[in-house]
Amino acid sequence: MNIPVEYFLVLSTLLFFIGVFGFIVRKNLIGILMSIELVLNAVNINFVVFNRFLYPDKLEGFIYGLFVIIVAAAETAVAIAIIINVYRNMKNIDVNSIKELKN
Amino acid sequence: MDIIKEFYSGFSIMNQEVSLVLVLVFVLLADLFCGEKGKKYLQLLAIAAFALNVVYGFTLKVDSTYQDSFAGMYVTSDMHILVKNILNVGTLLVFFFAHYWNEHENRSQSGEFYFLMLSTLLGMYLMISSGNFLLFYIGLETASIPMAAMVAFNKKAHESAEAAAKYILTAAFSSGVMLFGISLIYGTYGTLYYNEAANAFLAEPLQIMAMIFFMAGMGFKISLVPFHLWTADTYQGAPTPVTAYLSVMSKGAAVFSFLYILITVFRNYAETWQNILWWIIVVTITVGNLFAIRQKNLKRFLAFSSISQAGYILLGVIAGTPQGMAATVFYIFIYLFTNLAAFGIISNIENQTGKVGMDDYNGLYSTNPKLAVIMMLAMFSLGGIPFFAGFFSKFFIFLAATQKEMYLLVFIALLNTIISLFYYLLVVKAMFIKESTNPIKPIKSDAMSVIGLAICTIGMIVLGFISPIYEYMSSISFGI
Amino acid sequence: MMAIIFCINGEKKNLIRMVMAAGALAMLGTSVYLTLDFLAQREAGATAEFLYCNDPIPWYETLNINYSVGVDGISVAMLLLSTIVVTTGVFASWGLEKLTKEYFLWFLMLSLGVFGFFISIDLFTMFLFYEVALIPMYLLIGLWGTGRKEYSAMKLTLMLMGGSAFLMVGIFGIYYYSSMDGNLTFNILEIAKNHAMPIDKQMIFFPLTFVGFGVLGAMFPFHTWSPDGHASAPTAVSMLHAGVLMKLGGYGCFRIAMYLMPEAADQLAWIFIILTGTSVVYGAFSACVQNDLKYINAYSSVSHCGLVLFALLMMNKTAMTGAILQMVSHGLMTALFFALIGMIYGRTHTRDIREMGGLMKIMPVLGVCYVIAGMASLGLPGLSGFVAEMTVFVGAFEHSDLFHRFFVIAGCTSIVITAVYILRVVGKVLFGPVQDKHHEQLTDACWYEKVAAFGLIIAIAGIGLAPLWLSNMISDGIMNMLK
Amino acid sequence: MDYTILLLAIPFLMFLIIGLLGYKMTPKFSGLLGSAGLAVVTALAYYTAYRYFFTEFGQAADGARETIVMFNYTWLDLSNASRPDLMIQIGMLLDPISVMMLVVITTVSMMVHIYSMGYMHGEEGFQRYYAVLSLFTFAMLGLVVATNIFQMYIFWELVGVSSFLLISFYFTKPSAVRAAKKAFIVTRFADMFFLIGILILSYYTKTFDFLKLTAVDPEAQHATLVFSTMGGKMFMGLSVTSIALLLIFLGGAGKSAMFPFHIWLPDAMEGPTPASALIHAATMVVAGVFLVARLFPVYFFEAPDVLHIIAYIGGFTSLFAAIIACTQTDIKRVLAFSTISQIAYMMVALGVSGFGGHDGLGFTASMWHLFTHAMFKATLFMAAGCIIHAVHSNEMDAMGGLRHYMKKTYYTFGIACFAIAGIFPLSGFFSKDEILVAAFEADKILYFCQTFVAGLTAFYMFRLFFRIFFYNEPKFEHTPHEAPANMWVPLCILSVFTIFSGWFPFSKWISTDLIGYDIHTVWPIAIGSTVVALIGIGTAYVLYYKKNDIPDRIANTCKSFYTWASHRFYIDEVYLFITNKIIFGGICAAIAWFDRHIIDGFMDLLGWTTNTVSEETKEIQSGSVQQYAWVFIMGVITIVTLALYL
Amino acid sequence: MDLLSANNIIFFLLATIILVFGFLSVTTTKILRAATYLFFVLFAIAGLYLFLSYEFLAAVQLSVYAGGIVVLFVFAILLVKNLGEETEKVSFQKKLVGGIASLAGVAVALITAFNYGFIQNETADEAANAVDMQAVGNALMGVEKYQYLLPFEASSILLLACIIGSVVVAQKNKEEKR
């Protein structure tokens, strides 16, 4: 186990910003949601890695990761429900179709 | 048995949460068993049950100024209790205003409405009272995810769906950013408990970056510029009671927990976050005001107004002193009555005529004098005009900010009040001065709205004069 | 002591009017009694700076905000002025038909703010009442005004609020430097006693406060709300606004800015002397070429109010007494002016002086009153304007350096220019042949208008003929302040 | 308390009563009331004069006349720490010149009151007229008895206003309104100098009081101690005293219509003729002379240079006005320019006067001339009033040969003409003679100038006289008739004064140092002036006794000069240009434009900018949730960068 | 450091999978493919957890994410859209601004992170054995410090509310049905 923690940090940071990039460029609402999952996973990697390498005697990061997964699941459920609702109203899930409210 | 004992002792200071959960369960069960016929009584039951909870909340007091349970996971103090009570009052008022809407347009889902709203309230409680970033995170999500569902409640309307989608996506995104910040906090501080983290002060850039990521997440909840862009769209699309709830309760809870975290966890970085907030406040107030000027839809208008109000609230936060905290909480308290009064009027009129445009309000005074007067009071109070309560809250919040010698900031904020007064007066002008060929017909408000509006009006008029409220806040507030 | 609010639950307009009139007269009576009693107490040797002080009622204890009121000679004078103008204003707006009740309620709120401001000796309550007095203007102008009322109302409100933005920062500064030992206070007397603000801070907060009040006092270049606002406002509101509200500015400059930050006032006076001296001449010149009666008067107010601030900045007893006298005098005569303009406008439906003429023949009472007002404005002895202006000039002449001399003499020229524009109006509107045939059928003043006009004229002439008591009362207050 | 307060109180009460209640009275009653009130005042004034000049009341122990302050109430307190004595007081000061003025004012005013009952008969606003007359009398009396310079200023202003009100009596006539405005503004302009002068004077002397200002210290030949403090102060080459006194004189010059402030007086003739007689001939216009006389010791001791200026301005004005008077055709205007010229005479006399005993001859002569001039000029005006009353025109062309129709007017007018021309033994001869003597002793140039003016005076007065009463008769629309009794009786009374006032021993009563002295007619000068006057009369006789073409030929020979003179040297036009084009069109319009467009425009610009920025930035809120997220993350990155790396 | 040690190889392999598939999942034009790629990413992350010997977490990751969420995604995709029919074209401009933001973010975050000296815990290696279920259970059910009963309870409310909320939102409007 001699991989420096920075390596993991690079990984998670990259993943995080890939998620961000996805959020910004995807046209599909579900695609955007997936990008958010990437973001959350990147965060989770952070928590777990910090726990493992820096503070291994407590399970703080571990538990946090666990809860993030739970919350992400709940969030996804609601988000998908909402997207279906959008679909019902707009007949598609293109992100450009939710640009009515502006200015 | 020890565990069970500890378990109970842990919950023993969580009276408000426990009673709220009881109400929650009660509402859930009532909704389950009441059936189609009982729907009529369901709302009354829910409101009554919650009202009891509100009353109960005011009886509480902790022995010492600060207490925690679950080994620091949960913290409380008189101030925490007070903030929760304020949120309770606001929620009750929202219930009053939502009654008519639930009765007529949301009949099938009124039980869910109450349940979801109360669960978000519980989330806010946890946000406020958490002593650990984990509980804080769960509270935050509890306060925002069901909220997204509520924003989508008006399922026939495209706007509602769009608003909900924007809200949930932005919320998820911001919580991602915030979590990234929290993860870095964990990585650098080595702990997620507030009181321990406060001591792990290293003055490292990474810690500051973590703090900024965290602040961005909070900025989303409080809708600070540049994290505010969802606000107007969501406020406009959401059902009006939900908008009211979002604009006051969600914001108030977030501000207080933000303040609490800043003065505990990040207290050693006070200078840094004060500098950051300085700019954020300036931008927030200015952008909120500038964007509000051109709005024609009242809900959207109030959204931008609430953005700039958020900037004003932060003037109390930025000081980080006990006086600042007292001023902040006082501001939230006053803002609650004022903004809810405005939304009460809007929802009242929207429910019965479907009109929310500023032009629709032309000549309102000639047809609905009482509503127009209350709306005017709300606008004046928001604009900080005496004798209305808004003046006092604004004065105190500025006073708190100047305590830290931030005269320039206060001056900019004050110049901005001129702009804000301008658009608040636009509403007054529409109602009183302009004449309309097609004014809103005289409206007979339902009893619940009347009660709600009466409470708000009384609040707006008398709260400034009742100094014990502020005195009490001042006596229980704390700072860096 | 003074706060009387009427809740009127009557639909009948006459009833409302009667109640208003009774209330206003009661206030007038109270203030006259107050004045007499004040003079008597001074005569009897009461030496306290402020009389009738209540025990401060604690309000926000942690911030040391109290509700404390009291009066000295200056505020007694201002109260007297306010009540006179309010009372006559009620009579002047007797004929108002649209939304009478609301009108009078706002009117009362305005006067409440004014009274409260003058009697406060706590900065917080003072500021509170100050803002209370500002906001009813918006609706009063916007709803009952004429012409470009919405624009004017908005402009007026926003500019005045802009002023209060400056002011508020100044007040915070004063508060945080109100005491050496950390017992911060809003009480003006205590602040003045502690005198704890260091000079470099004063240099920051004095201009803020002064400009803040100066906006309300129509100081150049922050005066442009005044012409538009006055032109659009209904009669009684113009009266009260020009007559009393603008005095809040001068009073505030004096009571807060200069009294609490004397060193900075001393050092920075020159800037403001330039500005106010400019407004004196500038307002007068501007008034010369206006064609709207109300604009003429509004610019004349700019000029006269400029003289108030100008005199205050001279910082000696005589000039300051003159400033306060000028406030009283200008308040009365400008109220008279606006009342008369309102009455004339109510009949001719124009305020353009080119469209009127020979009104003296048609409505002699109004004409004579107008001439008297004009004479008061141009400083005719025997009317109040003269008293004030002479006191100001004599006092201002105390400074012997070239800079002050230049501005005092420039100020003196304004009395000639004033004569020019007053006579221009009198000549065009009242004298000469009748311009419009329709005007010949117009009637003269009716009873309530006469009450309003004569009430003010009596006050103007009273002060003009026997100014000594008032001047002594004021200078008594000034002396206390100058200590 | 003394009866003398009634001198001021009665006219003031009359003003209030007639002014406030006049509309309820019949015109006749108000006229009678006013006259009755004034009669009492006149009686009191005569009584005072009697007491002052002929009993011990006015005698000081050393034989000089006493200066008596009858009462002095503080009216306004202008004191401050360094100047504790600055108080405006209202009081009554009796000394020879004020007592003399009391007599002059009440006499002329009384006559005008009576005269007006006939002249103004049937005019609309009769009550108003009497009210203002009372106001004027009050103000003028207050002015002459002022105990301090500020009291004088107060009444000075009141006088100006009543003058304004009387000129604008026919307020529906645009020319009258214009004239009134002009009169008021021009005098007001001059008053501003007066005020500044007062301010300077009071600043250095720390007092307003005449007694303190003029008290003479005979040892040091210095006016008084109050001036010792301001000795060294210089400003722009003159001592501040000189400047102050010059400014005060300018104030007086405005009221007394000295060049260049003379332009208002001819126009002021738009007012009713009796009012002109009272205000613009006899009393108000000499206020300037009175002012200089009142402060004479100060002028003499502290600012002799200013006294020279006064003398030369007087000399120039008298010549200037006399030349113009020769060319005017409106009889009231001729009289107006004559008034200007005569007042300038008085100014010259003051300007050349010395101090003490016979040196103060100019002073005495000036006051004397003031007195006699008041009488004969009032006569002239009232007679002119009768004539206008008869022919309904002011123009000479409408007149001629009137001696057949109006005998009484003819005689009184004639007497007054001889008096003003300075023919022995009428009053004008004596007073004018003393002025010439004083001028001769002091300054030869002025002497010759004034002698020439005396000739011109005789010429234009008799031009007027012949033109009206001889000459060829024009066609009258209806036959002229003699005026009613209440108009000619005052004329006759004033003629009596005109004839005999030259024999009063003025030098016993009025002198610079309050000690009486004797004067003698200096025959060479007297004969010289008489000869000059006779030449003037003769010329007038030749030119105007009968209609002929000599005047036209003379006018044609020096055409340009004549045109200039008959247009009053275009001074009015210059003023008009300055006020209309430069002040109104230039400064005022520019400032008003600046105010509307720059200052107000700036405020509007702020609003406009805010609105525009708001409108223009709406694209930021594009409605795209991805753009929101982009802003969000960029915000975070920016803040991090700013906070950490900048 | 031995570049080719087993640990390193596993780590770099996993990291590569995560990043490559993550990137593919946000750039692919077909939404169902994106879901597949996401599945791979989540799977690889589970592998990472295993690699760090957090078996429990890996299991949760697999069951909740891979088994739950991704399936939910797929259902949703199938529900709202005909399979693979539409392709999405992303404008270059959008990619550019997104790319700039992301790269700037990466740069700032990494520079800051590398300035910080992480102190690896000496005991990390020794503790590198699997976390046993007992410990996890204790942590979740205890009230002591570093025990998380309260968040656990709170999350139950959250889940309940979310279920109700999503049901309410997703179900067809009753009135509409009638």
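Chains here go by letter, A, B, C, D and E, matching the order in which they are written, and residues are numbered from 1 within each.
In this section, contacts are C-beta pairs under 8 Å (C-beta built on N, C-alpha and C of every residue); 3 or more make two chains touch, one makes a residue touch a chain.
Since the model is a prediction, treat every value here as computed from it, not as a measurement.
Visitor: Going by the contact rule set out at the top, which chains touch both chain B and chain C?
Guide: D
Visitor: More C-beta pairs touching across which pair, A-B or A-D?
Guide: Pair with more contacting C-beta pairs, A-B versus A-D: A-B.
Visitor: Compare the CA centroid of chain E with every other chain's and tell me the farthest one.
Guide: D
Visitor: Taking the mean of all protein CA atoms as the centre, name the chain whose own CA mean is closest to it.
Guide: Here the chain at the core of the arrangement is C.
Visitor: Measure off the straight-line distance from the CA centroid of chain B to the CA centroid of chain E, and report it in whole Å.
Guide: So the centroids are 31 Å from each other.
Visitor: Measuring from the mean C-alpha position of chain B to the mean C-alpha position of chain D, what distance in angstrom results?
Guide: It comes to 78 Å between the two C-alpha centres.
Visitor: What whole-number Å value describes the gap between the mean CA coordinates of chain C and chain D?
Guide: Whole-Å distance between the two chain centres: 36.
Visitor: Averaging only over C-alpha atoms, locate the centres of chain A and chain E and give their separation in whole Å.
Guide: That gives a centre separation of 6 Å.
Visitor: Give me the residue numbers in chain C that touch at least two other chains, ranges are fine.
Guide: Residue numbers touching two or more other chains: 158.
Visitor: By residue number and range, which residues of chain A touch two or more other chains?
Guide: Residues 16, 19-20, 23-26, 32-33, 54-55, 60, 63, 67, 71, 74-75, 78, 81-83, 85, 88, 98, 100-103 of chain A each touch two or more of the other chains.
Visitor: Where in chain D do residues touch two or more of the other chains?
Guide: In chain D, residues 607, 618, 621, 623, 625-626, 629-630, 633-634, 636, 640, 644 touch at least two other chains, as defined above.
Visitor: Got a list of which chains touch which?
Guide: Pairs flagged as touching, ordered by label: A-B, A-D, A-E, B-C, B-D, B-E, C-D, D-E.
Visitor: Which of the residues in chain A come into contact with chain B in the complex?
Guide: 12, 16, 19-20, 23, 29, 32-33, 36, 39-40, 42-43, 46-47, 50-51, 54-55, 60-61, 63-64, 67-68, 71, 74-75, 78-79, 81-83, 85-86, 88-90, 98, 100-103
Visitor: Please give the residue numbers of chain C that touch chain B in the complex, ascending.
Guide: These residues of chain C touch chain B: 58-63, 65, 124, 127-129, 131-132, 135, 138-139, 142-143, 149-150, 154, 157-158, 161-162, 164-166, 168-169, 172-173, 175-176, 204.
Visitor: Taking the complex as given, what residues does chain E use to touch chain B?
Guide: Going by the criterion above, the answer is residues 108-109, 112-113, 115-116, 118, 142-151, 154-155, 157-158, 160-162, 164-166, 168-169, 173-176.
Visitor: Help me check something: in the complex, which residues belonging to chain C touch chain D?
Guide: Residues 155, 158-159, 220-221, 223-225, 228, 282, 285-286, 288-290, 316-318, 358, 360-361, 375, 378-382, 386-387, 390-391, 393-395, 397-398, 400, 408-409, 412-413, 415-416, 419-420, 423-424, 427, 430-434, 466-468, 471-472, 475 of chain C touch chain D in their complex.
Visitor: State the interface residues of chain B toward chain C in the complex, per the touch definition above.
Guide: 323, 326, 380, 385-387, 391, 395-396, 398-399, 402-403, 407, 410-411, 414-415, 417-418, 421-422, 425, 428-429, 432-433, 467, 470-471, 474-475
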